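I am attaching a structure below and will ask some questions about it afterwards.
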Amino acid sequence: MIREGDKVLLYGEDGSKIIITVEKGKKKGTHLGHVNMDDLIGKEYGDLIFFGKKQRAFYILPPTFIDLIFNMKRRTQIIYPKDASYILFKLDVKPGSEVIDTGVGSGAMCGAFARVVGKEGKVYGYERREDFYNLAKKNLENWGLNDFVELKLRDISQGFDETNVDALLLDVPDPDNYIEKCWQALKGGGKIGIICPTTNQVQQVLEKLYDYPFIDVEVWENLMRRFKPNPERLRPFDRMVAHTTYLVFATKVLRKIGGVSDE
Amino acid sequence: MIREGDKVLLYGEDGSKIIITVEKGKKKGTHLGHVNMDDLIGKEYGDLIFFGKKQRAFYILPPTFIDLIFNMKRRTQIIYPKDASYILFKLDVKPGSEVIDTGVGSGAMCGAFARVVGKEGKVYGYERREDFYNLAKKNLENWGLNDFVELKLRDISQGFDETNVDALLLDVPDPDNYIEKCWQALKGGGKIGIICPTTNQVQQVLEKLYDYPFIDVEVWENLMRRFKPNPERLRPFDRMVAHTTYLVFATKVLRKIGGVSDE
Amino acid sequence: MIREGDKVLLYGEDGSKIIITVEKGKKKGTHLGHVNMDDLIGKEYGDLIFFGKKQRAFYILPPTFIDLIFNMKRRTQIIYPKDASYILFKLDVKPGSEVIDTGVGSGAMCGAFARVVGKEGKVYGYERREDFYNLAKKNLENWGLNDFVELKLRDISQGFDETNVDALLLDVPDPDNYIEKCWQALKGGGKIGIICPTTNQVQQVLEKLYDYPFIDVEVWENLMRRFKPNPERLRPFDRMVAHTTYLVFATKVLRKIGGVSDE
Amino acid sequence: MIREGDKVLLYGEDGSKIIITVEKGKKKGTHLGHVNMDDLIGKEYGDLIFFGKKQRAFYILPPTFIDLIFNMKRRTQIIYPKDASYILFKLDVKPGSEVIDTGVGSGAMCGAFARVVGKEGKVYGYERREDFYNLAKKNLENWGLNDFVELKLRDISQGFDETNVDALLLDVPDPDNYIEKCWQALKGGGKIGIICPTTNQVQQVLEKLYDYPFIDVEVWENLMRRFKPNPERLRPFDRMVAHTTYLVFATKVLRKIGGVSDE
């Protein structure tokens, strides 16, 4: 049952998605008219509400984390769900993990990590731009996840405060400059993931990874294809997101001997 | 530091991966020679061990969940990491979630859900074949995850015991036969994910989903492309996994009005 | 050297492409100003011309067939170059081939076949809609290819006039209805190609193909990915054409024995 | 009707393809038994022949050019049909075209060009290795195409004999070294296509293309996906060719002015 303070997603007949935090006695303006929030209180998730001049129907849903990140205020390129979910899995993030995320940007990946690590874990977020830092702080608060994240307004050229972290995500314009610092922050057997939008960055990052004790180096690219959900004319959508980023993964070891093949 | 009872991954120069549970005073035979387990105790993760006639070098690593599922005993088609991670994200599984997984098969998806839902949540796994049920039980025990999973040796044609679950994964040969039962088990706003290896199954499932109050129906296919990690000759591997399954997702609502477009 | 009557492509600094047939003493209006056609006469291909108020630079190029079909008047969905070229190759069209193309639509595939079959070959184009028939006629004339094509304003439900053709392209909304007629028109060992935008059509067409003596049945889908041609930031374009059509190919035999596996 | 001297493709129930040149009174050994060639003479294409101990059925078909190149003797990496057909289309090769192909390798692309350019055109094939040169000569003879090709046993570091060619395909290990020579051989408005298996080569080639008067630079990658042709279980094959090469295309102009954007 929906109560005051809940975040709800209104899902319209036209596929539009509106996220609202329920406040007693208030109205919320949308492009389809005003929602009287009192009408939401006491309803069940999955139920319908009608509002606006045309009394348009909206389903009342609990917003998913994907809904939240697509809905958040952002000024940076977002990491797509297809990539975010694979990073979580490849970095083996689980309850209790300690994870570094840099740069934080709008905070979506920090939030994705935070949801999983829980109270026994911790996410350390490094961001050098104050506007992004503030934005991420606000977004994480809004998602109820800031207890699990320690945000730092800091350039990473001096390295990280932490050592022995389980995993680290490097999402900066010049990742090849920070590979040594990342190695120092990770525990033995810890995982690094690196966002590289261009093939040139992948090449530069690979060269650096081979200079330090990293093994099990993998490069992936993820093509998600969506289909029109019409059972009588099933076919992919005409156009798709063709590229977001290449993903580079590796595992820290304490020392490296020659001859470890990565093919 | 590695102790008795720990699971360790030995990562060889040839890229081979061996998972061992450390037992004092015992040896473990591998295709590259015998490992004296006492040699592992007290070492750090990321360190090296040498064994076998040729004293081959192996890195000692903590196995990731992906390592564990590729290493497990299985008799069924595995859900690939690319699909498993996306399912977790799309079904919005988080600490505290209640999730139904059916059919359980070797238990990999049960384990993936269990790692995230934690103590406050629960995974209900339905499997009708006794051999799979026993195999999944053993795998989940082996991964230390069986506290979070309630396995049921049961056909789902009679439906599920649970109601109001947050999410449900349907991975059976005839998914279109169980859409109503799934709807009954889910909470309002709950998410369903359906594994459909063929386009015919997708069509059949879509038709059924439109017969019941489900909205926000999406069909996805995930193509993961891996690159040879050679910075001087960066290019994709010659061959790739071209198809595992289509993924269908939808959201339960309590009642449905006409005219909700899903394109 | 460019002469009166030549078709030239003007390729602008902004990537725009304008196709002009050179006429003495005339001007051609474009969105970037007027071209004085006399200025083109006597120039070499690959040279520059400047026109319009801002004296914008344009390269003078011979238009390719791809340029011509993207520039033509059309009222129908075009077959993309990626698919057109593969069809030509798979149907083994060569100088001297006799080919049926139906429906003709705007005439692009007719033209693509005509360019290759030459004087010793022939393309038979069937189109039931008069407006498309007239459009295709005009386009083929414009490309100088109508000597190689015999266009027929005709529904194919009564079958084809020709027998023993080398290849046949079937591009109609209900291809599964014409498989027998196609078989009758083809020579033994002749090739059929079928345009199927949806998976449902592929399924229906496959069923019919197995009812008649066709072998070597193949289904393909072609994903062309384009990269931003920046050597310092090489990466795919953000978005791509994700789907145009599935392509089904098969070979006519005179009679079929059981048990020919098509996997 | 099949005569002596014809090339026929025997297509077996198991999908195997055998190409035979019919000789009176001779037998041809295959892995499935001996074919008595006299049995083929007088038969129609599309008909059946039975041979071997088990009297296996084989369809008698005219081999396509794709059949011929997959069947030829080769010592080099083949250009796949998906790439060969797109190159033909993008380079706008047609009856009468003059085309340079280098390196020739086993001669497949030379043959593909030769089939289209016909008697009024010409293919100039440059190959520096004598073994490849001889192999290509034999293959082209075998396909009946050597009248249309002038093969040259020659290194291209000294450039090409021809000027004003319509199109040029560059398929050598170090393509960035020959961009100027290629420019010199092409006519104004002529097309170049470059085979680049790695991203590094693409980057190097792009840099050189921008140093010379080339415009309309495009980089493409072609993913062909094949489906299991089962109408009741339609789905892609499990594995696919994930990468053969990147394809770079550009157009020669006589001189270049600044500021032409290629995005």
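Brief remarks on what is shown
Labels for the chains are A, B, C and D, by order of writing; each one numbers its residues from 1.
Basically, a contact is a pair of C-beta atoms (placed from the backbone, for glycine too) under 8 Å apart; a residue touches a chain by one contact, two chains touch by 3 or more.
The UniProt protein names, listed by chain, are A, B, C, D = tRNA (adenine(58)-N(1))-methyltransferase TrmI.
The shown structure was predicted, so the numbers you read here are calculated from the model rather than taken from an experiment.
Set side by side, A-D and C-D show the greater C-beta contact count at C-D. Interface equivalence for B-D, evaluated over B-C, A-C or A-B, points to A-C, where over half of the contact pairs coincide by residue number. In whole angstrom, the spacing between the mean C-alpha positions of chain C and chain D is 21.
The geometric centre of chain A is 44 Å away from that of chain C, both derived from CA atoms.
Contacts with at least two other chains are made by residues 199-200, 202-203, 225, 232, 234, 236 of chain D. If the chains shown are joined wherever they touch, the resulting network links each chain directly to all the rest. Against chain C, in their complex, chain D makes its touches with residues 11, 13-15, 44-48, 57, 59-62, 64-66, 81-82, 84-86, 88-90, 92, 94-95, 115-116, 118, 187-191, 199, 202-204, 206-207, 210, 213, 215-232, 234, 236, 246, 248, 251-255, 257, 259-263.
Residues of chain C touching chain B in their complex: 199-200, 202-203. For chain B in complex with chain D, the residues that touch the partner chain are 197-200, 225, 232-244.
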